[in-house]
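Before any comments, here is the structure.
By letter and in written order, the chains are A, B, C and D; residue numbering begins at 1 in each of them.
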Amino acid sequence: MILQQLINGLTLGSTYALTAVGYSMVFGILELVNFSHGSVYMVGAFLTLIFLTSLKLNFFVSFLLSIILTGLLGILIDKVSLYPLRRKNAPKVTALISTIGVSIFLQNLVMLVWGSETKNFPLVINPGAVELMGVKVSFLQMIIFSMCLVIMIGLNTMIQKTRIGKAMRATAQNAEAAKLMGIDINRVIMITFFIGSALASVAGTMVGMYYQTIDPYIGYMAGLKAFAAAVLGGIGVLPGAIIGGLLIGVIETLSAAYINSGYRDAIAFAVLVLMLVIKPSGLLGKQVSKKV
Amino acid sequence: MKKNKKMVLFVSLILAFALVVTGCTSKPALEEAAGEIKIAVVGPMTGDSAQYGQAFKKATELLAKKVNEAGGVNGKKIKLEIVDDKNDAKEATNVAQKLVSDQDVIGVIGHFSSTASLAASPIYQRAGLVELSPTSSHPDFTSQGTFMFRNVNTQAIEGPILADFAVKDLQKKNIAVIYINNDWGITAKDNFVSAAEALGANITAVESFIGGQTKDFTPTITKIKNTKPDLLFLAAMYSETGMIAQQIKQLDYDIELLGTSSLNNQQLIELAGPAVEGLYLTNNYFPEDPSENVQGFVQEFKEAYGTEPDQFAAVAYDSLDMMISALKVSGPDRAKLRDALAEIKDYPGVTGKTTFNENRDVLKDMIIMQIKDGKFTLFKK
Amino acid sequence: MHKLQIEGLTKTFGGLTAVNNVAMHVDDNEIVGLIGPNGAGKTTLFNMITGLYTPTSGQLLYQEKDITGLKPDKITDIGIARTFQNIRLFPMMTALENVMIGLHTRTHSTMFDSILRTKRHRTEEKNNIQRAMEILEMVGLESKQDEYSKNLPYGEQRKLEIARAMASNPGILLLDEPAAGMNENETAELTGFIKGLKGLGMTVLVIEHDMRLVMSICERIYVLDYGSKIAEGVPKEIQSNPQVIEAYLGKGA
Amino acid sequence: MKLLHKGIDFYMNHKKLLIMMLLVPIMAVPFFGFSPYMMRMITLSGIYIILALSLNLLTGFTGQVSLGHAAFYGIGAYTSALLAIRFDLSFVYTAIAGGLVAGFFGLLLGLPTLRLNGTYLSIVTLGFCEITRLVALNWMDLTRGPMGLTGIPLPKVFSWVIDKDAEFFYLILILIILTWVAINNLIKSRTGRALISIREDELAAEAMGINILKYKLIAFTTAAFFAGIAGSFYAHYASFIDPQSFTFDESIQILSMVILGGMGSNLGAAFGAVILVSIPEMLRGLQEYRMLMYGAVLVIMMLMRPQGLLGNVKLGDILNKKPVNEEEVSQDA
C-alpha cells in the first residue's frame, strides 16, 4: 500500500506544485503575497470547462483560450487592484488585503455566473494506466507530473536566458536600479502577471481534469497550499516550489493514510511550520544576510 | 488639502453607500400596510453551500408566487424575505437576531445546516418565532425549544433504515464508512455504524474528510481498499460523493456504494456519471413519482427554472406550504402559527406524507433507490 | 588597560575575507580614526564590534571583558553605541522618541509598569523626556522634537542619529562616516561637535572619508586596506606613510 | 479655516476631556431604543474592536503581519466555554483564563518569529491558525468537533448574571476600555517605543540595545491575551461556538480591519472594526450579490486610502500644518 500511497501523494503534490510555480514567480518579482492567485486558478479551470462544454470547442483550443484569457485577467487584476497601490508606494499589506478583495470578488462572480454547484469536468485525455509492481499509475498522473517539470525548466530557462527574463531578475533584485537601467518595470510586471496567471489556468485545468470536478471554491485551499508549498521550497525559487509542493502532497497523503485523515492538513501545516523554524528561508531559499 | 478632499469623498462615499443599501432593505417595510404576511427564508445564498440555499430560494419563491396569484392567505399576500447566512454559525445568529427584531416576520424557513440552525435556535426560541428547518437532521435540533420544527427525518431514523438495507437486503457483512466531518456527517455515521454493528456487520474502516476543503480522496480510498470491505457507506453531500466516486474509479477500485437521501440530486449523475452507477440511496422524494402533486411541482419548477427540482428544493417547497396551511388557521401571529403548525397531520407533501410528532420531528416513509443507466430508479419501497 | 581592545579579528563571507587578522585598541577619552578605501572592511569591523556580525576568529575586549559574539543589544547595554553609514533612524517616530529609544538600555520600567502607569514608570518617563531634551539641545535639535525623523533635513538626521547613540550613555561611541553627504559648513560644525565630545569625557571611534575632519580631530588613526591593517599612528605619521598613500592613490602615484 | 485651526488646537489640548465627553453618549447607547438586532451588531462590533486593537499592537505597532489572529480568538473562546460548562466558573475567571491560555499560545507562536520575517512569518501564523482550527474540529472529546459547544452559560460577574442586551453592552464596553487603556499605556511607554522601533528598523533597534526576541514575544503574548478575552466574551455571548467561527477568513477579516483603519492607530482600528462588521450586514439585502460587493468594497477602500483611514495621520497634521507626503508613506510591513 505504501507505494500506491506515495504515488497518490506525488500526484497530489504535483497539483500543488503546478499552482505554486506561478505563485512563486509573481512573488519572486514583486515580493507580493498574491491571495487572488487561487481564484485565478479557479477561473482558469472554469474558462476551459465553459469553452469545452458550452461552446463545444476542441479541448486544446479551449485550453489555449483559457490560458490567454486567464493571463489577461492577471494583467487586469494588477492594473485595477495593485498598480495604483504601487504608484502610491503603499505598504505591502495593503496590497495583500486588496488581493483578498479580488479573490472574494472573483469567487462570487463565478458563483453568480455559473452557479455554485460542483461541476463535472469531462475527461478529454484517455486515462489509461500502467501497472508497475502492483501500483497503478495513470497517464494523467504522469502528464501532470511531467507538466510540472516542463514548466519549471521552461520558466527557469526563460528567466535565466531571455532578455525579458533578465529584466525580471533585475526588477526582482532592485526595481529602482532596474528602472534607471532603462528597464520598463511596468512591462516586466505585466508580463510576470500574464505568465503567472496563465500558469494558474494550466494548473486549474489539469487539476480539474484529474479530479473531474470543479467548483467555485477550489481556489481557496489550492491557493493556501500553493502559498505554503512556495514558501516551504523557498519563495521565488522555482525548483523550490516544485519540491515544496511534492513534499506537502506526500506528507498530507501519508498522514491521511497512516495517522488520521481528519488531521491531514493540520499535519502538513505543522511540518511546514517546523521546517521554517529550522530553515527560515525555505528549503532552497538563500539565507539573506543582514544588510547594514 | 487635496488629501482632505479625498478623505471627505471617501467617507461620504461610504455613507452614501450605506444609505442606499439600508434604503433598499427597509423599503419593504413601507409596503407593510398592504396586508402582507412576511416569511423569512434563510440559507446559504453565498459561500460554498450556496447551491442549497439557492434551491430553497427557487422553490419557495415559486410557491409564494403561486399562492399570491391565487389570492394569498386569507386575502393577505405572502411576502418572502430571502436571507443569506453563508451557512456560518455566527452569521446565522446575526440573521436570527435581525429577523426576530422585525415584528412583521411571522415565521422562518431555515436554516440549512444543523450547525446554523442550532446556533440560531436560542434566539428564535427566546423571541417565540417558528424556525422550521427543511434540512437540519441533527437529533438535538428540535430539543432546543418548542419553536424548532424540522421537515426531514433525523439521522436516528435514516441510519437504521440504511443499515438494515445494507445488511439484510444486500447481505453485506464488511462495510467501510466515509463521512463528512460536520455535525450532520457525524450523526449520520454514528447512527449507521451502531445499527449496522447491532445487525452483525463488521465495520472495516471509518474515515472522515472536511467538506469544502478535502478534494483529494485517494489516500482514504487506498486505505479503505486495503481493509477489503464489500460495501462503502458514504455520509456526504452529493458534490463530494461525486468526487469520491470518480476517484474510486480512477484508482480502478470496484466497490458497491450506499448513500443517504442527501444524494438525491440529478447533479450527482451529471457530475460522476458512470462512477456512481449502481449506487444505492434512501429517499423520500422521487421526481418520477406519478402522483399528481409531485408531477405538478416538478412541472412548475421546470417551467420556471428549466431544471428538475432536487431534494432540497422539494423539501423547502413542502416546508413553506405547510407553514402557509398553518397560517390559514392561525393568521399572522407568531405564537399561534407555532400551535397551528404543531397540529399538522398527514400533510400530503411532494416529499411524502408528513406529520409532526410531539418533538416537532417528522417521520417520513423512506424508499430505497438505485442509480441505473444514469437515472434514479426505484429499488425498494 | 585599554578601553576597547581588538585582537586578531577576522571575518570571512564564503571564500571572501572581509577583515583579516586586525588588532587595534582605543583608550579612554580618546578620539580614534579608522580610514581606508571603499570596501576595506571598516564597516564590517564596526559590525563585529557591535555584535551584528559574529567574528570568524579573534577576540574583542571591552574594559578587559570578553564581548566576542555577544548579541548587539547586550553590547549596547555594556556601553558601545554606534551610528550607521546610511542613516538608520526610526522614520515614523519623532526626534524626541528616537532619542528616547537610545535611553532604552539605561531605563528599567517593565510592560506592567507601563500598563498600570506605576510610579516607577511616571518618574522614569519624566526623567527620560528631560534627559532626551538635554541631548537634543546638545546637538541643537531641541526645536525639532516633535518632527518625524523622516521629515528632517539630511544634516539634522545625521545629528539626530548621533544624539540617539549618545543617549545610551556609551563608554565608547562608534561613528560610521558621520560627515557623509554634508556640505562644508555642516562638516565644520560636526568637527567642532565631535571635538566637544572629548571635552565631555567621551571616547570616540570614527570611520570617515573626509581627511580634513579625520586629521583635525583624531589623536590616532588606523588604516585598513583589503581587510588588513596597513598602518597606525598619529595623523602626521599616517599622512606621510607611503603604504597609505599607495592604498588611496593606487600604485605608481 | 482659522476657526478650524483653533478647534484642532483645542482638541489637542483637551484630548482627554473630549474623549471622556464622547464616552457619555456611548454610555447612553442602551437608552436610545435600538432594536435587539442593532444592539447585537453594536456588541459584535465591540468584540471586533478588541480583536482589531490587539492585532494592531502586533501588526500596526510592532510590524509583525499575522494571519493567525483568529486562532487566539478561538483558543480564548474554547477555554472559557469549557471552563464555564464544566466548572460553572464566573466570567471574571473564564475571561482571564481564556486570555492567559491564548497568551501562552501567543508566546509559543512568537518564539520562531525571531528568525522569521515578512512572508515567512505570515505563513507560519497562517499555518498556526489552520492547525488550531483542525485540532478543534477533530479533538471530539474536548471540543465536540464540528458539533460545537452548545449551552455555554450566560456570563456571571460574581453573582450578577448578565442576560440583557444593555448588560452585555456595558460588559463589552468595559472590556474595550480596559483593552484600549492597557494598549494605549503600553504604546506610550518605554516598552511601546521599543515595539515601534522594531517595526521601523529592526536592525537599528537591536543596535540601540533592544532585545528583539523579548519585545516581539511581549507583542505576540499581549495581542493574543486580549484576543483571548474577546473570544471569551464571544463564547458566553453567543452561547454556541464551533470551529467554523475561527477560520483563516476570520483572521483576514481582523487584519483587514487594522489595515483599513490605518496601521498603528487605535482609533483607526476601532473604526475599521465597526465598518467591516457593518458592511456585510448592510449588504445583506443584496442576497447572493452580497459577497461580490464586499470584495469590491474591500479593493476600493484599499485603493482610495492605502495607508488606512487614520493611518499616519495626526489630527494636528490635517490642516497642512505638517503635510504628510503621500509619496513618503511607505513603510514595508
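Basically, a residue touches a chain if its C-beta (ideal position, glycine included) is under 8 Å from a C-beta of that chain, and two chains touch if they have at least 3 such contacts.
Since this is a predicted model, take the numbers as computed values, not measurements.
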### Task
Select the chain at the greatest separation from chain D, using centres from the mean of Cα atoms.
C
### Task
Just list the two chains that share the greatest number of C-beta contact pairs.
A-D
### Message
With centres defined from CA atoms, tell me which chain sits nearest the overall protein centre.
### Response
D
### Task
Could you tell me the distance, in whole angstrom, between the mean C-alpha positions of chain A and chain C?
47
### Query
Between chain B and chain D, what is the gap in Å from one C-alpha centre to the other?
35
### Task
Could you please state the distance in Å, as a whole number, between where the Cα atoms of chain B are centred and where those of chain C are centred?
71
### Summary
Residues of chain D that touch two or more other chains sit at 134, 137-138, 203, 288, 291, 297, 326, 328, 331
### Summary
Among all residues of chain A, those touching at least two other chains are 108, 111, 262, 265, 290, 292
### Query
Of all residues in chain C, which are in touch with two or more distinct other chains?
52, 84
### Summary
Touching chain C in the complex, chain D uses residues 182, 185-186, 188-194, 196-197, 200-201, 203-212, 218, 222, 264, 312, 322, 328, 331
#### Entry: Residues of chain C defined as touching chain D within the complex
50, 52, 71-73, 76-77, 81-82, 84, 88-93, 97, 100-102, 104-105, 107, 109-111, 113-117, 121, 124-125, 128, 147, 150-151, 164-165, 168
### Query
Residues of chain D touching chain B in their complex?
35-38, 40-41, 44, 134, 137-138, 145-148, 150, 238-242, 244-245, 275, 278, 281-288, 290-291, 297, 301, 304-305, 309, 318, 320, 323-324, 326
#### Entry: Of all residues in chain A, those that touch chain B in their complex
1, 4-5, 8-9, 11-12, 15, 108, 111, 115-120, 127, 129, 136, 138, 211-213, 215-218, 220-222, 252-254, 256-257, 261-262, 264-265
### Task
Sort out for me which residues of chain B touch chain A in the complex.
46-51, 54, 181, 207-210, 212-216, 218-220, 222-223, 226, 238-239, 242-243, 246-247, 250-252, 267, 270-273
